[in-house]
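Think of it as A, B, C, D, E and F in the order they're written, each chain with its own count starting at 1.
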C-alpha cells in the first residue's frame, strides 16, 4: 500500500470525533460535531406546527437545512443568501439529512410539530454531510428530551439511532472517513447512513474516476459498517445513554 | 409472494423498452426513450465552447438538464419556469445524469466543446431518471457520430456504454424496474448506473420505510446488473452497433 | 412572384396539419398538434379550484402556460426553469393563448374550476403560438367531455370553436401559415385568432421591416380567414363533431 | 347611440394632448406626455455601448422599459421592484414600445450606441402604452438632437415619425382614444401604431367580450388613422419642425 | 472659507422648497416635494387591512417604499424591477422613511388599516431621502384628512409633525441641505429626522472621508435643527394649519 | 433608577468581551468575538482581485457580508439562502460594517486586492452589528499580517483601529452595550462606530418610542466613547500590539 494517511491514521480508522452538546443556548438541541478538522454546528428547533402536506394528519415532520460559512473552505465561496439561491449540492445534502433523520423517527408519536435541523459548517475538511447527520441526530435527541421534560411528549418518538460516514477508494486502497485531500483524490466515494441496529438507510456511491466493482463495494460497505458502529457508540456516550 | 405486478410482469423483468432515435429534427442527437409508460425525450446538443472552469484546459464537458412537463404526472405540478426555480429533486436528478454520462466519456478526446443533454419527461410512470440516463447515452452517441461525420472528431471519445435502472423491495419482494405504483409502495428504492462492461458508476439506495439489510442489497444489485445488461443490449440494437 | 415555398406549397395553403388526441395518458385532454414540422403538446388539466380573484364568483377560469424544450429550435436556448424566469416572449404568448381560449368559454357555465392549458413546443418551425391555440382548444374540448361524462357538468360551457394562424408578407407576397424560414424573412408578420363562426378574437400585426399598408392588411386578413376555416374543419374532424 | 363620453367628447376626438419637453434635466430627452389624465414621463438616455448581440455590427439599438408608479392607478398596485419581477403586461408593453421606436430608426446610421427609453406612468387613465410611444418618440428625437449638436452624429438616423393611439368599440360605438372607464367597458380594444407617412407598424386588436367583425375592424382602423395624424401634428408642433 | 455654494446660497440656508399637494388624482395623499432640483413624488395610499404581524392587534401600520426613476440621475441606472431586486440603499432608505413616519403616528388611533407611502424620485440632486420624509408626512396628513372626512376616523392619529434634512461638512465648512455636488465632496454626511416639537427621531451620521469630531457633530445638529424648523413651517403653510 | 441590569452590570459597563483569534483554520483572519452571550464569527479573506468599479485604479477594497444562523435567536428565523434574498436589515448591517472598516484603511496602500469580511452570528443576544465591527477589525488586521509576512505588502494599509458599541435609553436610564432584553425595551437605540484615536465614523440613533433630546444624545455619546476606548484596548491586547 503506497498511500499513507495524515497523522498516520489507519485505513479503517475514523478521525478524532468530538460531539459537544449545548454549544449555543437558544435551540432545543445544539451540537458542535467535529470529524477531525470538519466542524458542523447542528441545531434542532421545535415548532408547534407542520408543513401544509402534514396538516391534520396527526403526524409531525423533521426537516433539515444545510449551509456552509463562506470561508469554511480553503478559498472563499460565495454566500448563498447573497447569490439568491441554494446550489444543487446544498439541496442534495439537506434532503439527505432530512430523510436520514426521519428514518428513525415515529412521526405519529412525534405529534403535529416540526423539528428543524440546521447544519452549518464552520470549517470543512471532508465529510461534512456525514458529520451533519451524526450530529443532527444528537441535537434531535436533545430536542426530544426537552419535549419530554415539558410534558409535551410522554414517550420518545425515536425508534433507533442513526449516523453516517464516508468511505472511498484512494489509489486502490479502501479508506474509512475521508478527509478533504483524500476525497479530492479518490476514485470512488460512498456515503453510508445506518441505524444503530445496523440497517442501511442510505447508500450513495459514486465513481469519480474508474467504475467500481462489486468486490470494492463489499469492502467499502464493511468499512462503513465498522465506522458507524463506532460513531453510534460515541453518540451514546455523548448523550449518556446505555 | 403476495405482490403481483401489472401485466403479469415477472419480478426480474424490465417493462417494454423503446428507444426511438431522431425523434425531433434539430438536435445532434434526439431520442425518445420509453420504459413502459414512462416517456422521456433526450436531446444532445453540441456547442463549440466550454464552461469557464474548463476554458483553456483542452477538455470538453457534458452536462445535463432535466425537466418534467407539468402534466406528465397524475396531477398537474407547477411549471418550474413559472415558479422561478428548479426543485431540489430536479437538481439532484440532473446532476446524476451529468455524472453518469461523463463517466464513460474521455473529456480530453472530446476537445473543448460541450454536449448538453436535455431530458424532458413527457409522461411519468416511475423510473424517469433511469430512463433519462439510458436514453441520454444514445442521444450523446448520435451527437458524437455527427461530430465524426463532420470531421470535427477523428476518434470517438466514448469509452464505454452506460445505462441505469431502478430496483426496489415491495412487500418484501425485490423487483426490477419499478413503475409508479410500485415506487410509491416500496420499502427500499435503489437507482443503479452501470457501464457496458459491468462496472458501477452510481448506486443510490434509500430506505423509504424500514432500513434494508446487506442481504437485500445484494439481491437488488444482482437484479440491477441483470437489467442493465439487457438495457445495454437494447441500446446497441437501437444504435446498430455490435 | 419570385418567392417559392418549400415543398411547392401554394401561398394560400396551410402546411400539413395533424391533431393527435390522447397523446399522453394522465391529462383530461392531451393533444399533439403539428403544423408541418412545428409540434406542440397541449394538455388540459382540470382543477376544482379557482385563482383568488375568482373565488366565490361562481365562475371558472382558463389559463395557459407555454414552454419550449431547450432544443426545439435550431440552436439550443437556455431552459427558462434554470434561468429562473420566463422571457417576455413566453409571457406574451401564454397570455395570448389564455385570452383566446377564454373568448369561447362561458365561465359561469364552467363553474368554479380551472382548466390549465400547458402548451409545450417539442419542435419549432414557425407558428408555435398559433398551433398551440388550435391544439389547446381541442384539449380543452376533451377535458370538458370528461367533466360531462363524470356528471360534474350537465351542459358544455363551450360556446364556439377557436383557432389561430399566422400570415405574413414575404418579398412582397402575402403568405398563409409561415414556417420558420419565411417568418425570419418576412416584412410583416400577423397572428390572427378567430372563432368557428368567423369573428375575430385577436389580430396582432407587426411590421418587422417596412410598415405595411391597409391594402396589405386586407390581403392578410383574407388569407387568415381562409386558413382558420380550414383549421376549424380539421378540429371538428379530429373531435368527431359535425 | 346611447353611450356618451366624459366632457362631451366626440366619438372620433382625442383627449386634450400635452407634450412637455425638458421635463427633467439629466436625460438627453425628457418628455411628459399627457393624453387627458394619463401622464407618462418618457426619458431617452444615450449610452455609448450596445447589447452583446449588436457588438461589432456597426449598428445601434433602441430599447424601452415601462413602469407604473404604485399609486398611478385607482387602487395601489404592488411595486414590481419589491415583487422582484416585472409582470407579463409590463414586458409586453415595453417590447411593443421598443419595436415601435425601432421601426423609424436607421440603426446603421445611429452607430454603435444605445438609446434607452424609460416610460414611467405617473397617472393612469387609459392609453398609457400609446401615450408612451407617442412621447418616447419626441424624447428620442431630442436625444438625437443632442448627439447632432455634440457632433457625434452628422445626420439624423430618424427616417419617419411614429405615434400610437387606442381605439375600441364600447356599447356598439367605435371610439377613438379610450379613457379608463371606456377601456374597462369595451368589447373590443385595439392599439394601433403608425408612422408619420401613414404606414402601419403595429395593430393589436383584442375582443374583450364578443368577437369583432371585419366591418368593425375597418371602422376602428379609420379612427386610428385619423387620431394618429393628429398626434403626429402635435409631435411636430412640440418639436418645432415643419 | 474657500467653498462657495451654487446660487450664492448661505451655509445655513435650505434650497428653495416647494410642496405641491394633489399632484396626482388617485391617491388619498399626493405631494410633489422639491428641495431645489431634487423632486420626489410622495403618495399616501390607504388600505383597510394590515400586515400579518398586526392582524387582530387593533393597531394600524405605516410603511414606505422608495424608488428612483432610471434617469432621475446624471447617468442612467438600471431599473430595479428589471434587475429583480431592490438595492441595499433602496431598502435602507425605505426603512428609514417608514420608521420616521411611524414615530409621529398613534397606531392604535389609526385603527386596523395601512397607509403606504410611495416615494418616487423624478429628479435627483442630493437629499432625496430627506425630501421624501418631508413630503411623505404631508401626503400622510392629507390621507388622514380623507379618512376624517369619510367618517372612518373621528380623531386624527397624528401626534406631531416630522421632517428631515441633510447636513454635512464640505472642505471644513458645515453646510445645511446638501445638493449633489456637495454630497459627493463631503467628508461627513448626516441625515437628521426631527419632530415638529424638536425631538430627534433619527440621526445618521457617516464619515465619508476623515472621522468627525464631537465639535463638528454639534455644529451639524444645530444646522439641522434650524433647517427642520423651517421645513416644519413650510409643511404647515402647505397644509394650511396653524 | 428603577432598571437593574442582568448580573448586576453597571449602566456604563460593557458585557464581558472575548476576542478569540485563529478560530477556524482556512481564513487569513478568523476571529470569534463575544459581547456577553452574543457570539459572532468574523473571517477575513484575501482575494487578489477587485470589483469592477475599482479595476485599474491601483486601489483595493474591503467589503462585508453579514449572516445569522437560523437558530442564533430565541425563535428560529428562516434561512436567507432558502428564502432567496437577504433582508433589508441584513443589507443595512453589512453596508455599515464595510463602511466602518474602510474608514481606517488606506485603499491605495492595500493595492488591487479585496478583503472580504464575513460576519456570521452563531448566537445573538443584542449588539451583533457592533460586535461584528469590533471583531472584523481584528480579523482584517490578521489578514494584513499574513500579506506582510508573505511579502505581498511592505507596509500596513491600516491607519487606525476601529470598534463599535451600542448605547440606549431604557426606562429613562442611558446604558452602554445593550443586551437583547434591553434592546427590546429601549426608547432610543444608538450604534456608534469610532476610531482608536477617538474620531466618529458612524452614529446611528433611532427613537424606538418617544423622540430623544439633545441632552440624551450627549449622554449616549459619552457612554459610547467610554465603551469604545475599552474595546480598543481589548483589541490591542488580543493582537498583542502596544
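Going forward, a contact is a pair of C-beta atoms (placed from the backbone, for glycine too) under 8 Å apart; a residue touches a chain by one contact, two chains touch by 3 or more.
Just so it is clear, the structure is predicted and the values come from calculations on it, not from any experiment.
**Q** Imagine chain E is simply missing while all the others stay put: what groups of chains do you get?
**A** The remaining chains, counted without chain E, form one piece that is still joined by touching.
**Q** Which contact partners do chain D and chain F have in common?
**A** E
**Q** For the Cα fit of chain A against chain E, please give the angle of the superposing rotation, nearest 5 degrees.
**A** C-alpha superposition angle, chain A on chain E: 120 degrees.
**Q** Starting from the mean Cα coordinates of chain E and chain F, work out the distance between those two points in Å.
**A** So the centroids are 28 Å from each other.
**Q** Starting from the mean Cα coordinates of chain C and chain E, work out the distance between those two points in Å.
**A** 51
**Q** Roughly how far is chain A from chain D, going centre to centre by Cα mean, in whole Å?
**A** Roughly 59 Å separates the two chain centres.
**Q** Provide the list of chain E residues touching at least two other chains, using ranges where the numbers run on.
**A** Touching at least two other chains: 84-85.
**Q** Which of the residues in chain C end up touching chain B in this complex?
**A** Chain C residues touching chain B: 24-27, 30, 37, 39, 41, 43, 45, 47, 65, 67, 69-76, 79-86, 90, 116, 118, 120, 122-124.
**Q** Chain B touches which residues of chain A in the complex?
**A** 85, 88-89, 91-92, 94-95, 99, 103, 190, 194-195, 197, 199-207, 210-214, 217, 221
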